[in-house]
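Next come two complexes, and both contain subunit A; in the first it sits with subunit B, in the second with subunit C.
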Partner chain A sequence: MLKTHFLTPYLYLFPAAALLLFTFGYPLASVFYFSMHRIRGVSGPFIGFENFLQVFKDTTFHMAAAHNLQLLIAVPIMTAIALLIAVLLHERVSGWETYRTILFAPYILAIPVVGIVFNNILQLNGILNESLRSIGLRFLAGDWLGSADLALWSVMGVIIWREVGFGIVLFQASLLSLNEELQDAAKIDGAGWWQRLFYVTIPQLRDVIEFFVVVSVITMLAWVFGFVFVMTKGGPGNATQIMELYIFNFAFRSSLPGIASAVAVILFLITLVLIIPLFRVHSQSNEGRNS
Partner chain B sequence: MSESLRKITRREFLKAAGIGLAASSVAGILQACGAAPTDMPATKPPPVVPTVASTAIPPTSAPQSAKSLRWDWWGEQEAPGLETWVKKTLDLYKQKSGVDIQTTLVDSSVVVTDIQTTSASGNPPDLMYFWNGIYHMESVWMGYVEPLNGLLPDDMLKASGATVLSIFQGKQYRVGWYACSPIILYNKDMFDKAGLNADQPPKTWEEFMAACDKLKSKGFTPIIGGLKDGPWGEWYLGHSLAQNLDTPGEVLSLFNGVLDWREPKYWEQWQRLGDLWKAGFINNDFLSIDLYPGIDNFGTGKGAITEAVVSHAPKMQSMLGAEKVGAMVFPYGGKGKMAGKPMVDTQGIGIASGSKSKEAAAELLKFMGTSEVMTSLFNEVKVFPTYTTWDGDKEIQDPTSKYIWQNWVKNPAGIPYISNLMPTLFWTDAMFVNSQNIISGKFTGEQAGQNAYDVTQKWVQQNPDLAEKYKAWTKEMNV
Partner chain C sequence: MKNRLFHHHFHWTSAFKHLALLFASFTVLFPVYFMLITAFKTRQGYSLNKFNFPNPITLENFDIALRNGRFFLWFSNTVILSVGAVLFSTLTAVLAAYALARMRKFAGQTMMQTINTALMVIPPVVMIIPMFILLTRLKLIGTYPGAILVYAGLVTPFSIYMLTNFFRSIPMEIIESALIDGASTFQVLVQIILPLAAPAIVTLVVVNTLWVWNDLLTALVLLNKDELRTLMVGITLFGSRYNSEVPVSMAGMLLASLPMLILYLFGQRFFIQGLVAGAVKG
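And now, the complex of A and B:
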């Protein structure tokens, strides 16, 4: 057997590791560094945790964080819708491939495009309200983006509309790889459609559901800027203010990247706190299955 | 291939590549760490480190030696057609001077910070488009903008229409380019039909409310606009707050917390906005549409009065008919010395401190300020050039356009657009929030004043360095 120096494998790994460190590690370190300085341009004096203190006592940040948490309500909704539709498509209803393409289409649209389209649809005198009025449902017409009470829910609805397609395709792909014998056995045992869904199908999809939930949680915490920026700019008032927009405003409008970085650090830590337990649960369940 | 190269095995090549990459990565990281920021005062210009490139540049007395310049600009967004005109004009300049100008049309969200980030990274454009007031003065205080005194003749600086908001401690940092003064446009036809005198628009707030009432009673939407994206509220604040102010210095004192937003005279403009809304004088989808669609709705005859900037007037004339569009000053509604006067504002161009070709950049500015170039700007883009040396009275034929030019561009009695002194944090957290919350019914005028006060205190805490600059600027602006 060929003997190699014990460092050789590490040397092969080093270029990729160094590249990763430089492209991800360096910016991350910079964000932590900026968060402790009053940055003007790219430099400024060290101010300790002052940026964090400013952020924590800012009511706008409180609202932004609360809105991000509110958006997490979309995660179980998206998961349930995606799962249900995927299972229905898996039943091979007539034209299921066409339905799948149609349902996935929103996901491949660019977020600004989605935002602009829904901007027009959801205006007070836009297509949705005009349609409702024309069919005698005037009482359902609302100022979807102009009302502080409705705006965040409207944005959430648009996010669900776009993101659910990803879940459908993901779940459907997993369904195709499931062991059909289990389904057949359950049928022979007299299990109904819902029983098979809850006791056979969903347990088998557990891993991919967990993955989708994790991705969706990250989306709601750190990937909704595009929707909000295009559709509401955080308004009316602060009704749709979110942490990403807060970061953007400080970084690119108020020229205070130090404060923007402090929020980025907070967001990073929150995401870690939420995701690590999810992965821990995942690994524990894997260990349980293996044992 | 040489013998020595042929002998290198795949394994050896990978090892060498690994070592090379590692060395370059470590060098990059060390360089980044070594470049750790110092406690440099915000106003101190970043140190200029002589490089091969900079030392190779010939003396400043030979400006034409620059072969190319970079110019980051904005404006197509508010003056459609400007991009085509810029390209054409710069092609002409290249033919005349041999200097190639590379342009970048920047996004609205980075007009303020573009000069800061590019300068900080050591690669600023030579010329930069600047909004007026604090939107470029902040970069001046960081040392990223070159004073134009000495680079351009004094009479040119004075005539360029940059306004007093481009001057700090006697130095001017922009030249004007085209006018963007906020203005109130109205539909003369609707005024006639409502029994109003279209040639004598309302001058006081009471007259204005009465006119809105008459328009509404005839089935017209008196005021049309869009507040969803925010700038409508900025224009409104500029117009309405000025009614109770004596000098631009007073608004600087408000923005840096020396004066108190909780005094009724400083928040009553938001109360008045609420009054307009509650009376049903504003379009019902005001919060649901953006600024420009709102202005376009005026052009399609959906409302009688709108807020705009002077560069919108020609488009509105082409949509409604030239004779149907009137221009009026925001109604007189306060006791300040600035009340009832038209506001004058301009977009402008400056030179980056980090430019290696400042004189060549100044030459381009001189070219842009010639009468021929300004006339072509007016004729082709329909925006008003800002130079007082340009003979608008001769070049402008349309009476409404001439009236606008005389009152909102070339008017020595015009007042500066005070919203240009608003810190960006105030824009996002107070102006934007207050105007929308007033319409939503979530704020009263007094609550809006309290929020403005809170945001101002927050800004002072977050920006102690800028607050000091504001104080220094206030002394100049109180004149």
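And now, the complex of A and C:
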């Protein structure tokens, strides 16, 4: 370690700390403040938990929260797909690099682009329904975004389509750093492909799978605004209403930032609870590095 | 190595593996293919056949898109925003990471790192309301400096995290020999550490640019003026305006995607390394 004057580290940290206070520190503190005030414009009287009570009574919020919970179904699906594909790529199937380039590409495409392209594909007379009709699966064709029963599932499919690439490269990179001896030993012992996947690979990847699951859960609860805003704006009716859109609408459409801040506080607290397991993972890895 | 020998012989598992990967690739490529072919179709051509290659090929959709959408303006707005935010974030993060990774233990070091790691996953939607009110009070709403500051702040936790990990991997002996030669703390950073960290910094710049480039919510709230719209906000409006003219809409989406797709095809490893860096132990 560099032996510096005792103030030097603080000097180097100062710009970043000031920036973080500006973008995270102050806003996080004031979102709690706003959530307990009846804000008109930029300030208002203290009203305790009134905003939270309002939110908990609002059926639109119930729907929004339920939809975010429903989106969590995507997490195990994404994890399974990403794991399977990462393992296949790791086995150096011929052309694996090309496959990886293709499979990661959606993650580079912007969410509005993805949303608008899928909006057209999923139209009632869009290419998906036409394909289904032309191969004799007419009964599967549906109003993917226009029907209240289907819309959220369609949005979920699009989210999976774009986000799964991150899981693939993440798992594949982690596989590279694994000890191959265990795999070889399992092979010699006659373990089949699936057995090796479940009893060797997945346990070895535990930490990074946990990381991916936590990050994906946070994404599904609080980081899918772009998809919904571009594809459905919460509709039809409230069929794809989600908490982020609820915040956005209350803050910037209905000008009720107090109510919106209460939901923001709820999302913040959920995120905090969810990242606790990540710290366990990180502290373990730090110990590993220092020893 | 043993694996590779095995795969020269055809067997069923190998066929299934290819089948799975081909199916996944098809699912990924199909929407991209749809965007590509549709962008070159006439309106009539599209309604007659959605699957085939465009025949006749037309460039009219691009013409309409460019005349009615302000793609060049949105593009340059996004470039200004991304360059400003990424530059600012990288500068502050380099200094902070140097202190966290390579200076002697100081009070608050662990706390700073813990908070920083936590901030990486806080969704921006949580901060958006106070941010809007704060920038309004500071008269920075609807200005580049305001938005650049916010974006720089939002990507900085990841920048610090990644650079701290990277700086830790630089052997202490290299730094010590520079110190013996009489280099100051700052000279060690500029002359020794930064050159070694160049690939890591490129990776970081790529990932952060992608983040700022693709963000919708923050730009929608903080840059809500016609002349300041980013590419993402612009194409979102463009998409809803042309939602009944699919070929024009697809031409617009193709135009908007080209810069990042080209960067990706040439600098793929930076994208992949950078996005993985947040999770895999450095």
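The rule is short, and it goes like this: the second predicted complex is superposed on the first by the 253 of 291 C-alpha atoms of A that agree within 3 Å, B and C clash if a C-alpha of one lies under 4 Å from a C-alpha of the other, contacts with A are read in each partner's own complex, and residues count from 1 in each chain.
Methods note: contacts are C-beta pairs under 8 Å (C-beta built on N, C-alpha and C of every residue); 3 or more make two chains touch, one makes a residue touch a chain.
Please read these numbers as outputs of a predicted model, since none were measured by experiment.
In the superposition on chain A, A:52 makes contact with neither subunit B nor subunit C.
Using the contact criterion defined above for the overlaid structures, shared-chain residue A:238 touches subunit B, although it does not reach subunit C. Of the two partner chains placed around the shared chain by superposition, subunit B is the only one that A:145 touches, whereas subunit C remains out of contact. After superposition on the shared chain, subunit A has more residues touched by C, the comparison being subunit B against subunit C. When the shared chain is aligned, subunit C comes close enough to touch A:222, but subunit B does not.
In the superposed pair of complexes, A:44 makes contact with subunit B only, with no contact to subunit C. Of the two partner chains placed by the overlay, subunit B and subunit C both lie in contact with A:19.
When the two structures are aligned on the shared chain, A:259 is found in touch with subunit B, with no touch to subunit C. Judged by the touch definition given at the top, the superposed model places A:249 against subunit B, while subunit C stays out of reach. Once chain A of one complex is fitted onto chain A of the other, the partner contacts of A:61 are absent, as it touches neither subunit B nor subunit C. Residues 12, 15, 19, 22, 26, 30, 42, 126, 248, 252 of subunit A are contacted both by subunit B in one complex and by subunit C in the other. Interface residues of subunit A facing subunit C in the complex, by the touch rule stated above, are 1-4, 6, 8-10, 12-13, 15-17, 19-20, 22-24, 26-28, 30-31, 34, 42, 81, 84-85, 88-89, 91-94, 99-121, 126-127, 130-131, 161, 165-166, 169-170, 173-174, 177, 184, 193, 208, 211-212, 214-215, 218, 222-223, 225-226, 229-230, 244, 247-248, 251-252, 257, 260-261, 264-265, 267-268, 271-272, 274-275, 278-279, 282, 285, 288-289. Residue ranges of subunit C in contact with subunit A, taken from their complex: 2-4, 7, 13-14, 17-18, 20-21, 24-25, 27-29, 31-32, 34-35, 38, 50-51, 88-89, 91-93, 95-96, 98-100, 102-106, 109, 112, 114-119, 121-123, 125-134, 136-137, 149-150, 152-154, 156-157, 160, 168, 172, 175, 179, 185, 188, 210, 213-214, 216-217, 220-221, 231-232, 235-236, 239, 243, 246, 249-250, 253, 256-257, 260-261, 264-265, 268, 271-272, 275-276, 279-281. By the touch rule above, subunit A contacts subunit B in their complex via residues 11-12, 14-15, 18-19, 21-22, 26, 30, 33, 37-46, 54, 58-60, 122-126, 143-148, 232-238, 248-249, 252-256, 259. Subunit B contributes residues 14-15, 17-19, 21-22, 25-26, 28-29, 32, 36-40, 42, 46, 109-110, 112-113, 116-117, 119-121, 138, 142, 144, 228-230, 284-289, 423-425, 427-429, 432-433, 436-437, 439-440, 442-443, 454, 458, 461-463, 465 to its touches with subunit A in the complex.
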